[in-house]
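Two complexes are shown next, each including chain A; its partner changes from chain B in the first to chain C in the second.
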Partner chain A sequence: MAVEVVLPMLGVTVEKGSISEWLKKEGDKVEKGESIFVVEADKVSTEVESPGSGVLAKILVNEGIEVPVLTVVAIITQAGEEIPEDILAKAAPASPVPEAVEVDAVASATPKAEPLSPIPAAPAPVFSSGPTVQSGPVRAVPAARRSAKEKGLDLAFINGTGPDGVITCRDVENAATASRPKASTLAARMAAQQGLDLSVVAGSGIRGRIMRSDVSAFLDPSQSEGPALGQVIPLSNVRQVISRRMSESAFGAPHIYFFAEVDLDPLLAFRKQLVPQVEDAFGIRLSLNDFLIKAVALNLLDFPLLNSRLAPEGVVINPQVNVGLAVAQPEGLIVPAVAETDRIGLVAIAEQRADLVERARSGRLTLPEIERGTFTVSSLAQYDITLFTAILNPPQSGILSVGQTQDKLYLDDQGQVRSKKISVMGLGVDHRIIDGAVAADFLQNLKRKLEAPAFSFSHL
Partner chain B sequence: MREINYADALNEALRECMTADENVMIMGEDIGLYGGVFQVTKGLIEEFGPKRVLDTPISEAGFVGASVGAALTGLRPVTEIMFIDFTTVAMDMIINQMAKMHYMFGGRGRVPMVLRTNIGAGRGTAAQHSQSFHSIFAHIPGLYVIAPSTPYDAKGLLIEAIENDNPVIFVEHKKLYIEKGPVPEGRYTIPFGQAEVKREGSDVTVVATHAMVGRSLIAAEQAAQKGISVEVVDPRTLVPLDKETILTSIRKTGRLVVADEGHKNCGFGAEIGCLAAEEAVEYLKAPVARVASPDTPVPFSPPLEQAFIQDEKEILLAVEKVAQYA
Partner chain C sequence: MKTYDLAVIGAGPGGYHAAIIAAQHGLSVLLAERDALGGTCLNRGCIPTKSFLADTGLLEKATHSPVLTGTDKLKLDLKAMVARKNKVVTTMVTGLSKIMDSHGITVVSGQARLEGPGRIRIGPRLYKAENIILALGSRPAVPGFIPFDGKLIQTTDQALDPASVPSRLGIIGGGVIGLEFAAVFMALGTKVTILEMLPDILYSEDQEVRRTIRLLMARSGVEIRTATKVLEVNRAGETVELIHQNQAGKSMSLTVDRVLVATGRVPVLDGIDPQRLGLEMNGPYVKVDSFLRTNLAGVYAIGDLVGGMMLAHKASAEAEAAVENILGGAKTVDPDLIPRCIWCRPEVAAVGLTEDQARESGRRVRAGRFNLPNSGKAQAMGEIDGFVKIIADRDNGEILGVHMVGEHVTDMIGEVLMAKTMEAAVEDLAGVIMPHPTLSENIKEAALDWSGLAIHALKQS
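Moving on, here comes the complex of A and B:
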C-alpha cells in the first residue's frame, strides 16, 4: 500500500518548513526508519525518517520550497504499485503554497482530523514523519525501557525501528554502541570521494550528526570565513528566519528603550567570593551572566507584565519564566532559553546555560529550547560597546541589553574622587503592552537587585 | 524404546493401575463392551469384569455424581466423559461437588477421582463435539487440570492422577489418540506442576498445550530455517502451573507466544500472557501473541473447520510477528 510522507510537525509555533536536502532520489529503495530528507524550519535542521518501506515513487515538494507542516511531500509505494490517484490529487503542488490555500492544504493532508485550529503541543525532540506524528509518551517495549534505564539512556532520543516505530531492545543496543555520531548519506558520500576520515569532522546536525555542510566546511575552511567584496550571499534558511522575524518585530511592535547605569562592584565582589566555593562543590564556574539571568527572572516575578506576549485574545502572561540568552554563531543569532529560570538555583542555571550555549554553537539545540523563551538577555559585555539597543525576540515583550563593564569616577560621601565598575543596561519593551513607567520601574528594580546581590540571591 | 500411540499409553496406565489397586474402577458411556469411542478402555472389561468397568447410561450428571460418591467412600474411580462438550450436563457435580467436597467437609472427606475427557476440533464432529473449553476447569479452585501432549506424558500423568488423592480433570486431545511416541513399560509417573521444555531456543518462547505442542515443534523447525530460535515449553498440567519454568524461558527470550486450542477470549493464553505481564514484564521485548481458536462455534463444514483450526502456519506467523521486535 502506498504511504504518504508528510512534513512533520516541528514544534509549537512552527507552521511551515522547507526541505533543504533530499537524501533519496525518486526510484530509490527506502526502508522504514531510514532518513530520507532534511527539513529546515525556524533555524533548526532535522533529518526526517521514512514512515514506510518501499520505493520513493514520487517527490512532490522539491528542495528549498516552503510548505505548511503536514503537507504530503512524497509518496512511497511497494515495488510495481501505481501511485493512487487520490493521494496525488490531495498532495501539495511542488511550488510555494499561496497564503490563502494553506489551511486547505493542511486540512486535506489529514483527512480524518478536524481542521487544525490550535496546533497540538508536541515538544518531542525526536521528530517522525508520516501520519502518525507522535505526540504522546515514548513507545518502547518493556525490556528496552529496562535496558535504557540500566545504560542511562533517554528513550526520547532513541529512534524506534520496530513495528509501528516502537523502540526495541536492539534500538537501545544500537544507541548505546553508537560510539560516534552518524553522518548523513551525502556527507558520507562526499567524505568518501575526498578520502576524508569522518571521525575528524565535527557534526552540526541533530545529535551531532555530520552533515554535508560540515564536510564541505572542513574541506574548504575559506567557505566559513567572512564575505568577500562583490559577493552575493544567498539567504540561508536561518538568515531568512532571522530576517523575517526581526522585521516583524521591529515594524510590528513599537519599541521603547530605557537605560540605567548599574554599579557592578557589589556583584563582582559577591561573585568572586562565590566562584571558588561553587566550583569546589559543584564543578561549575558561575558567570556574570548567570547572576544576570537569575536577577532578571526574579524581577519578572515582580513584573509579570514583562513576561507576556500579545495574542488575539489579549495580553497572555506566560505561565513559566524562561529567560533566553542570545548566542552569536556564524549562521546567525540564536536564543536558547533556560527553563523555569525563576525556580532553579544559580548552579542549575549555570549548568543549563553552559549546555545550551555549547549546543547552540554546534547547532544541536532542540526547537523547544529555542521557543520556550519568555524574555531575552543579550550581552555584548566582551566588546568595547558602551550601550546598545536590541530588537525584541517575538513574541516576547522585553529584552535586556548589556554593555561593557567600565570604570567610572564618582565623588564619595567625603567628597573624594573614587572609581567604580558600572555597566549600562538597556531595556527594550513592546509599547503596545508595556508603558514607560512600568518599564522604568522594572529596570530600576533590576538595578537594585544587582546592586544588592547578597540580599537578592540569598532569598531564593 | 518401543513406540505406542497415545490411546494405548492411556490404556496401559489404566490397566497397570487397575492391576495394582483393586479400588481403581472405570465408568462411562460405551467404555466397556465397545472399548470407548477412542478405544482408550479397550480390553479392560474382559480383564477386570463389568463390576470394575461400568458401562453407564447417557446420564453424565448421574454417573459423575456416582463417581464422586464412590470416591468419597473409598474407591478410586476413573470416569470418562466422551467429549468435553458433555461435561456441561454435569457441571454441578463437577464444580459444586467433586471440586468442593474436601473443602466443605473440612478435609474429612477425600475425592480421589479422575474425570477423563477430551478436546479438539478436526474430526468433523461439529460445534457440540469439538470444543476445547478446558480453561473453564482451570478457573475452578479444587481441581487439577492435566493436559498431556505425548503418549509418554499421557501414561505418566494418568498414573499420577489416579494415585493422587484429589479430584483431577484429565483433558486428552482427540487428534492425539493415534499419535505414536516412546513409552516405557511398567509404572512411572510425572509429577503435577512440572512443565517440560520440549525444544530449547533463544529468541521466542512458545508455551503450547495439547496438539499445539507438536504444531509448535514443526513451526519451530520452520522458524529455525529463517534464523529464529524458538523454545517450546509444554506446561503439561494447567493446574498446578509450573510458573518458574515458563518465566525462566520468557526471561531468556523476551518474546512470548501462547498456543492453546481453546477460544481466545478468557482462554489459557490470556492466563499465560498475564503471567508474563505480572511477573516478567521488564523482560518483554515484544507484545505477547496468542494463537487460539477463533471466538466462534466450531464449524461443521470441513473447509471452515480447517480454517478454524490454528496450526503450525499460524504459530509460525505469530513467532515471526514477535521476532520483528529485535
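Moving on, here comes the complex of A and C:
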C-alpha cells in the first residue's frame, strides 16, 4: 500500500519549509522511522523520518523549494507496486499534462527556482492554522495548468474565479504575484547580496512593501535604532505567532498563580561544594538553573498532573518529563527543552542545557528540541526583579518563574539578626486542569526539595 | 472655552496642508492667518510668477518663432498680464477658502501670538489647542544698506504688480528667485544684469546645470556677474546706480532703471518671542528635531520657519509629517526626496546629490545622460536646449541624483521622484515603457545610457 510523505508540521511558528537535502534517492529502499530528508524552516533544521517502509517511488518536491507544510513531497510504495493513480494524481500532475479540464491537484514544483523569487509555490495564508489542501480534483483550464507548472505553483492553493471555481490563467498569474514578497528593487538587491530570503522580512512600506531599511534592520537589529516614540513596528512572522499564541494561552487557559519564598542558602552551599568536583571530573560547570531544572523534573514525577496538556480526549499526562528553559533572543522568546529531565543526572542536564542555550542564541535549534517541552522554567535571576508571573507555553499546563536571588534578614533561634539568600518563585498553572490545592502542593513540595538539596538530589 | 485639537499659525502651503490633513483625520482645527490664505506661495511667489512666466514665455516664443510672421508688432499688455495674475490668485485663494470651510476648519483672520504651549492669542481673543503647528513662513531679506523705496528699488514682493517695464533691470542675487524674475523681464525686452556674490549662480546645483544655464541666459542677453559684491545702491533721479566690487577687488558701477533685491529670505517670527517662551532657535530659524517638534511641548514648526530648502512642497511634506506625528506617528522628511525646481529659461529640475557630491561621498557612481538635441519631441517643439543626467550607485543601481535642464523638466521630475521614493534602481527607470514622442522618454534614455544602452545616441566607443 502506497504511503504519502508530507512536509511535517514544523511547529506553531512555521507555515512553510523547504527540503534542504534528500537523504534518499528515488528507487531507494526506506524503512519506517528512517530519516529520509532534512527540512529547513525559519532557524530550525529537522531530519524527517519515513512514515512507512518500502521504496521511495517518487520525489515530488526537490531540494531548495519552499512549500507549505503538509504538502505531499514524496510517495513510498511497496516493492513492485505501481504508484496508485489516485495518489499521484492528487500529489502531482501527470507529465505531460493531460489536456482534460478535470485535473487533479498538485503541480509539482520545478527544481529550478528563479534566484530572485525563492518561493515558487503559492503559500497558504501565512497565519492560518495550517494550509487547507483541497481534497478531490482541482478544476483548471489547460493553459492555467501549464502556466502553474511553469511557475512551480500548486493548483491546490489557487482560488479559481472561473465558472464553477475553475482556475483560470489570470488566477495563476495573481497567485504568482501574491507569492512573491513585494520588495523595492533596492531592498531585493540588498537581500540578494546578503543571501537573505525576503519572505522572512516584515515590510514597513505602503501595503507591506519591503523597503531597504527593513532589510538592513533585519540583517542587523543592533544597528537599527531602538523603537522611537510613536513609531509603528511591523510584526515579523515570529512576533505574529508569538502574539497569537500568547493571547490564546492567556485568554484560553485561565491562569492562577502561587508564590513561595525559597531559602537558597542550602542549595547555594550544596552547589558550591559540587561545582569544583563536577568540573574536575566532567569538565562542565553546574549552574543554579541545572539544579532547578532537575528539582522541577523530580517534582513533576510527584505531581504528574502538572506534566500534562488538555486535549479533546481529556487531560493527557505526557509520557516524558522534558523541562524547557526560556531563552531570550532579539526576535523573541524561545524555549528549548532538556530531554527526559527526570531520568538523567545533573551533569547530563548541564551539558544539554549549555548546548541548547548556545544554539538557541545562534538560531540552530532543531524542532523537536523546541516542541518536546512539557513544563517551562523562566528565570530572571540575573535581573533586579523580585517576582513575576509568566504566561503558560501552550499546550503545557505549568510554568515556573524565578525571581532574583536576594538577601533577607531574619531572626535565628538565638534571636540574632542574620541574613539569608532567598528567591521568590512563582508557579502559573492552567486552572482548567489544575486545582489551586494541587498547584500549592506542587510549589510547596518544590520549595522543600530545593531547601533540602542533599536529600533531593541524593537518590540519583 | 473650546480646546482645539490643533491650531496652525500661518496659512501658506505648510499651514493649510497641515490644517486640511488634520481635519481629514478628524481633528478640530483652528487656522490663523493675518494676510490671505495661501501664503507667499499663492499670493507672492510660486503661483503669480508662474502666471507671468506663462505670458512672457508665450511672447518670447512667438517673437522668436521662425514661422510666425508679423511678430515684430507683437506687444504684451502689462496691465492685462498683472490682471490675469491677480485673477489666478483670487481664484485659488477663494477655492482654498471653500476647501477650508468644507473641512470645518475654523479660519481666524489676524496676527496670532504664541502665548505658550497650547495657547495662542489672535487679536484680543485667546484660543486653546492641544497641539500647535508654527508655519509662519518667510519674507524677503532686506539688507540694511539698500534704500528700498518699493518703486525703483524693490523686494521681490514689490515686483509683482509692475506698472511699467524697465529698460534696464539690476537683480541682486543669482539664486532661484533672482533667475526666475530675470526670465520674466528678459522676455519683456528688459536688459537684465544679475549681480551674485558667490562664485556662481544657483550655487547649490550641479556644476553642469549651472554652466548650461549661464550659457543659455547669456545667449538670451542676460548679463551675469558672479563673485561680485554690491557695496552701494544709490538712487539718482529716475535711475539707480549700483556700486559693486568684482572678484579682483575692482570697484565698478552699473546704472539701471530698477533694482530687484533677491538676496534670500528670512523667517517670520512676528507674534513669537523665543526668549520669553524659552523656544530654542537654530540661528534665525526655529529649531526642530527630525519629527518637526520644537522644544516646547505640543508645539511643532514647519516650512521656511525651520530653514532648509525654502520650498512650498518641502513645507507641505513637513506639514504631513507633523500631523502624522501629532496623531502618534513617527514620520520624517528625507531631504534626498525633496525636488528642486527653478523656473528660469529653460527650466531646471533636480533631486538628490549633485555629481560632485555623489563622487565625493565615496561611493562608486556613474552618470547616465541624454542631450535634448537627440530627442524627437524636443526637436519637434523647437526646444532643444538642455539634458537629463542621472547619477546612480554602480553597485546597486540606487538613483542618487537627477539633474535636468530643458522645457517642462519641472513637470517631469516627479517621475524620477516616484522611482526614487519606491527605491527603484536606475535599471527600473530604463525599463519603463515611455510614451512616444514625449520628453519623458529622455529620462528613460538617460537611464539606459547609464548602462551604455541609450537608443537615440551614437554608439559609445
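Note that in this section the second predicted complex is superposed on the first by the 237 of 460 C-alpha atoms of A that agree within 3 Å, B and C clash if a C-alpha of one lies under 4 Å from a C-alpha of the other, contacts with A are read in each partner's own complex, and residues count from 1 in each chain.
Heads up, the rule we're going with is that a contact is a pair of C-beta atoms (placed from the backbone, for glycine too) under 8 Å apart; a residue touches a chain by one contact, two chains touch by 3 or more.
The structure presented is a predicted model; accordingly, all values stated were derived computationally and were not measured.
S.K.: With the two complexes superposed on chain A, say which partner A:Arg285 touches: chain B (first), chain C (second), both, or neither.
M.R.: Neither partner.
S.K.: Between chain B (first) and chain C (second), which, if any, makes contact with A:Met190: first, second, both or neither?
M.R.: second
S.K.: Using the superposition on chain A described above, determine whether A:Arg170 touches chain B (first), chain C (second), both, or neither.
M.R.: The first partner, chain B, only.
S.K.: Quick one: is A:Arg212 in contact with chain B, with chain C, with both, or with neither? Answer first, second, both or neither.
M.R.: second
S.K.: If we overlay the two complexes on their shared chain A, which of chain B and chain C does A:Val141 touch? Say first, second, both or neither.
M.R.: A:Val141 contacts chain B only, not chain C.
S.K.: Applying the touch criterion given at the start, work out whether A:Gly162 contacts chain B, chain C, both or neither, answering first, second, both or neither.
M.R.: Once the two structures are laid over each other on A, A:Gly162 reaches chain B alone.
S.K.: For A:Arg432, select first, second, both or neither according to whether it touches chain B, chain C, the two together, or no partner.
M.R.: It touches nothing on chain B or chain C.
S.K.: Find the residues of chain A that appear in the contact set with chain B and again in the contact set with chain C.
M.R.: none
S.K.: Going by the contact rule at the top, pick out the chain C residues touching chain A in the complex.
M.R.: The contact residues of chain C facing chain A are 291, 325, 328-330, 396-398, 422-425, 427-428.
S.K.: Residues of chain A touching chain C in their complex?
M.R.: 184-187, 189-190, 193, 209, 211-212, 228-232
S.K.: Show me the residue ranges of chain A that touch chain B in the complex, using the header's touch definition.
M.R.: So the residues of chain A touching chain B come out as 141-146, 161-163, 166, 168-171.
S.K.: For the complex, which residues does chain B have touching chain A?
M.R.: Residues in contact with chain A: 254, 281-287, 321, 324-326.
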